[in-house]
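What follows is a short report on a single structure.
Chains: A, B, C, D, E and F, in written order; residue numbering restarts at 1 for each.
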Amino acid sequence: MTDSLRADGRTADQLRTVTIERGWSAHAEGSALVSFGGTKVLCTASFTNGVPRWLTGKGKGWVTAEYAMLPRATNSRNDRESIKGKVGGRTHEISRLIGRALRAVVDTKALGENTIVIDCDVLQADGGTRTAAITGAYVALADAIEWGRSQKFIAQRATPLVDSVSAVSVGIIDGTPMLDLAYVEDVRAETDMNVVVTGRGLFVEVQGTAEGAPFDKRELDALLELGVNGCAELRDIQAATLA
Amino acid sequence: MTDSLRADGRTADQLRTVTIERGWSAHAEGSALVSFGGTKVLCTASFTNGVPRWLTGKGKGWVTAEYAMLPRATNSRNDRESIKGKVGGRTHEISRLIGRALRAVVDTKALGENTIVIDCDVLQADGGTRTAAITGAYVALADAIEWGRSQKFIAQRATPLVDSVSAVSVGIIDGTPMLDLAYVEDVRAETDMNVVVTGRGLFVEVQGTAEGAPFDKRELDALLELGVNGCAELRDIQAATLA
Amino acid sequence: MTDSLRADGRTADQLRTVTIERGWSAHAEGSALVSFGGTKVLCTASFTNGVPRWLTGKGKGWVTAEYAMLPRATNSRNDRESIKGKVGGRTHEISRLIGRALRAVVDTKALGENTIVIDCDVLQADGGTRTAAITGAYVALADAIEWGRSQKFIAQRATPLVDSVSAVSVGIIDGTPMLDLAYVEDVRAETDMNVVVTGRGLFVEVQGTAEGAPFDKRELDALLELGVNGCAELRDIQAATLA
Amino acid sequence: MTDSLRADGRTADQLRTVTIERGWSAHAEGSALVSFGGTKVLCTASFTNGVPRWLTGKGKGWVTAEYAMLPRATNSRNDRESIKGKVGGRTHEISRLIGRALRAVVDTKALGENTIVIDCDVLQADGGTRTAAITGAYVALADAIEWGRSQKFIAQRATPLVDSVSAVSVGIIDGTPMLDLAYVEDVRAETDMNVVVTGRGLFVEVQGTAEGAPFDKRELDALLELGVNGCAELRDIQAATLA
Amino acid sequence: MTDSLRADGRTADQLRTVTIERGWSAHAEGSALVSFGGTKVLCTASFTNGVPRWLTGKGKGWVTAEYAMLPRATNSRNDRESIKGKVGGRTHEISRLIGRALRAVVDTKALGENTIVIDCDVLQADGGTRTAAITGAYVALADAIEWGRSQKFIAQRATPLVDSVSAVSVGIIDGTPMLDLAYVEDVRAETDMNVVVTGRGLFVEVQGTAEGAPFDKRELDALLELGVNGCAELRDIQAATLA
Amino acid sequence: MTDSLRADGRTADQLRTVTIERGWSAHAEGSALVSFGGTKVLCTASFTNGVPRWLTGKGKGWVTAEYAMLPRATNSRNDRESIKGKVGGRTHEISRLIGRALRAVVDTKALGENTIVIDCDVLQADGGTRTAAITGAYVALADAIEWGRSQKFIAQRATPLVDSVSAVSVGIIDGTPMLDLAYVEDVRAETDMNVVVTGRGLFVEVQGTAEGAPFDKRELDALLELGVNGCAELRDIQAATLA
């Protein structure tokens, strides 16, 4: 691990300032405004008693997610997907990732026939929006589940959440593995990886892509170690927020 | 004017607490997070040098707006318009209203061949989202114009903004005209009106609709008076924010 | 009120020639081909016993409207919205306006669980298409309600129509308030207003927009007076048609 | 040929009452409101100097058509294709047929680099809408071409129209070949055929479909003869209209 | 009939090499990979017990078809219709044609309340894709019906197929009527016709279009004779495949 | 590595029978029909001289991919995305993956201003469709590049392909890591991973997802080793095909 400073003064293995503002929304059953440095994502969890038709009568719940970005969340304005009339490939892919990450720590039997939709809307983007979204979405999800319990939609003894989950990006820049890439770093990374890790330190997702040169096993291992350690820090921040 | 208290303790002619957080977005050329009580709208102004093709070479600029609502801005979740693949009628109508309101105080010749797009995204809704959007959008617009001037896209001596503009809702509830309706009031209103007024007190838009019984000229006059006074207060808040 | 002549020889407070051809369509339960000068709108009312699912079992009916324009109704051809794959903002806005205007004079309890859809298709456009549409749609609606009564879908003693409704445009041109603007006038108007008024002379909608300079209260009052008088004339024409 | 009477009193080889109201639209360069009995189609021809990009510089013009039906043109209301967001298969197919039929009598070289779009909007449907549309569209096309000549977009000596074109439906009902089917006949027909024939009596399109039992060569010949004769009558009506 | 050789050495009345590979798909209830020379179409029949809602309880089955082309089935790549977000007019028209052709030989009462969807995907195109699709779809349909019988969804004694059906293109090139046009021939044809004929030699569809000069009755008759003979050959190939 | 037999008799580290039929399409500049057991994907490469507008003048080429599945490629029929009017999330995600995988071995400077679009259409699906698509797409890409060289669109000495690329799925079933999962295995896998590896054995993509229990580092390493070895076998099959 190197101790060379980054553009924002961080060391290679240092997270940006992470804050999670719990209960930001007055309406949602669970919500969190999460910041990873300049990246700000509003996560709201909507709880509905009942499940989609294809799941009815199986005694299981459903958790899903939708990710989107405000038009001017980024440095230049993007057209709205509602105006374009279709959702882009990147948006779809990230929505699916967030949903899988959350479901990995949910016992859908214990959730009962309830549906939770987590909306992750990026208000400002500076790299790592999908990992910030997963990290904030977990907090919103946890609160929505407690709301469901308070309303008796979920049994008092049921534990729908079997673990916590957080995510962080890692990448190799100028040959150095680095944690939690800001946008200016992300565009320069040779390899870009997102790791989704449970509170107990197990992998839920590992998505590594060679943006420049392909990478070898040794680089992969270095990135995974950085990511696991970063997720452990995020887990502690989540726990403190929910305490 | 009556002094009977409303659900939130306001008098009939009293605005909710209005705050305008200027420069909320790190990326946009102008931005404002405006709150009218529980209604929170993020307004970002994106400045582009140049105009759409149909306006090229006419020496005039263009100002337009897009309004949208996050899925869980309201008490129950609405499907995303991007997922539905089309923008609803209400969304279109409000986007068009905001654009007209802003253009009414812009001298497009003085703006030069520049385009400003104002995005108004409702993060939380509690009535009056369109009027809050117009009020906040004006602040974002003013800052974007100053940015354009600082970048020499707008001439130093040009005054693209010929006046300020703000908006407020008024309505008749149980026979009493009231200012700045919250959601619980809005659904009960017999008549619902939005007035858009310039800093000098002239009308830009008057949109009154009988939701219940049709209304007469006397009621219309009472509503207009309330609205004009409310907009004058909003004008002062805008001016203080921009000072 | 001025007596200066307009391009078509009218005085400022004079309607264009208005005709309503009742029962134009062989298939619809109510229909009217309405002309305001060169503006021709075919209004058909489709009566269905039953209501949309979200209204079922509430003992109330539903009235809605859809507005559209043939591609070559205007001076130059517009692409079809069906080909573009989406309905434009202006179309949505006008459809919603017509629906609200009609519902304002309908007692949905008295209508019973029946649905009436009014289609307003502009065959030829020369300004004031939305106001002509509302005026004609009322006639089609009245006939559809009588058809429903004749078929016993509506109780004999029920009076679903509590009043009549008509609409007209007014505007300020070269400082003079004028009634029922033709297209060549509409594009020159500094202020453009549509008023929707019941047979008893009460307002259902007032939609005024400053296209050029913002307007003051005195101008607003002059426009409203012109509009109310114009609607009274239209009410008489509707009554004669339905007699 | 049988002389048995049909529901509307016609003989098997008799057209319904056909009228063509030329110049119905004040805006279009050519227009015709055509009626085949209860079927009424408004045909407007829009003339544009210039051609689509893919045809530019080839010295040839372009003629195309769009067919559509008002929602309540039929006995029960159909959803608008603009609302559904897509154009149905039947609509596409008929639009393409009308375009091909018209192009068959147009010398695109003589037309020069001009585009004519013919809109055929069915105001009321009672069988044979596509054949009425072709018959009326020819009249609108002829007038649009004369307009283009008067504006000098088409050379004085050029003859873009090399022939006239009309169309009619024929079908076999209870074993009897019949001309120009009304809706009640169309739904009962065992075989349904549309023939498009030039003024000189040559075939442009022959589209025969067995709706019930497949048909043999003798039946096909009987239908073709009926169709050719019907088109000759329509040609004469077109000529009288254009005289 | 001429004996002059064509580009590929065929006589005017000769089919290209036709092969039908039955049971190509491991999953579908019936399938066939059909080739007419360089045209290759994969036809799969999907059998579902039950019918669409609008047909429920009428004791009748439903057969429908969807036609599509891979993006690079042709000489230059076409954009995918899924990416464009809408199905083109030609695609719709051909899908409808195939469905009608198949339904013409199906006794839907004997089929019972079962639905068969035939997908015809053009893997490689060299003219005559719709006629190859019909010819192959019949084989897939026949196998799907036998599968339904084996599963007891269709009664043992029922004969849902009342005849076989095949199709071929014919056209006039340089004044000579020719059978089964390859792509290079199709683009040169003055008249283009598709005939759909049952095994017993009766017409289901006759679709003739003058691409260049309109055609007369004698030419039409020559084309029909060629088509009927070609379909008889195709019927024998289908029968051999299914034997 | 275990030697327990799988449903199809394979050992845990054994690929299914892999075949690559090069030049399957008569029209495409490069093509391959690739089979991984019952999974069959048709890959066609379309070469265009020139690049999309956003890349013009940068001296670089562009390689992209589109993945799709025929409606009845799977055990039950799926609705066409063209009919649904939008491309699903999974389709988008796989298209993007294939494109990234191919671009990882392309030197876009050496490719010059040329565009290659690879269409991967799944004709039959039995697990591993995306990995088969990448493996076949490489062969189609290699042939398209040679075609471009033969046409002088690519310089003789340029080597646009800097390496080969192949992909395979791996997963953990009942605790045992296994290579190249068939569909029946895929649905049972606790962890599912796709690895994309270059001919030299470097990683381009690693996408591992816990479908059931999250996985630890030791399991991840076992999966990666299986995947790297499987890709080496695929590389040899690609090389033999292209020899």
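Quick note on the criterion: contacts are C-beta pairs under 8 Å (C-beta built on N, C-alpha and C of every residue); 3 or more make two chains touch, one makes a residue touch a chain.
Nothing here was measured: the structure is a model prediction, and the numbers come from that model.
Least step count on the touch graph, chain B to chain D: 2. Taking each chain's centre as the mean of its CA atoms, C is the chain most distant from chain F. The chain pair from B-C, D-E or A-B that repeats the E-F interface, sharing more than half of its contact pairs by residue number, is A-B.
Rounded to a multiple of 5, the Cα-based rotation taking chain B onto chain E is 180 degrees.
With centres taken as mean Cα positions, chain F sits 28 Å from chain A. Chain B and chain F have Cα centroids lying 51 Å from one another. Touching of two or more other chains is recorded for residues 85-87 of chain A. The sequence of chains round the contact ring, opened at chain C and continued through chain D, runs C, D, E, F, A, B. By the touch rule above, chain A contacts chain F in their complex via residues 86-90, 92-93, 95-96, 100, 104, 163, 193, 198, 200, 202-210, 213-217, 220, 224.
The touching residues of chain A, counted against chain B in their complex, run 25-28, 31, 38, 42, 44, 46, 48, 66, 68, 70-77, 80-87, 91, 117, 119, 121, 123-126.
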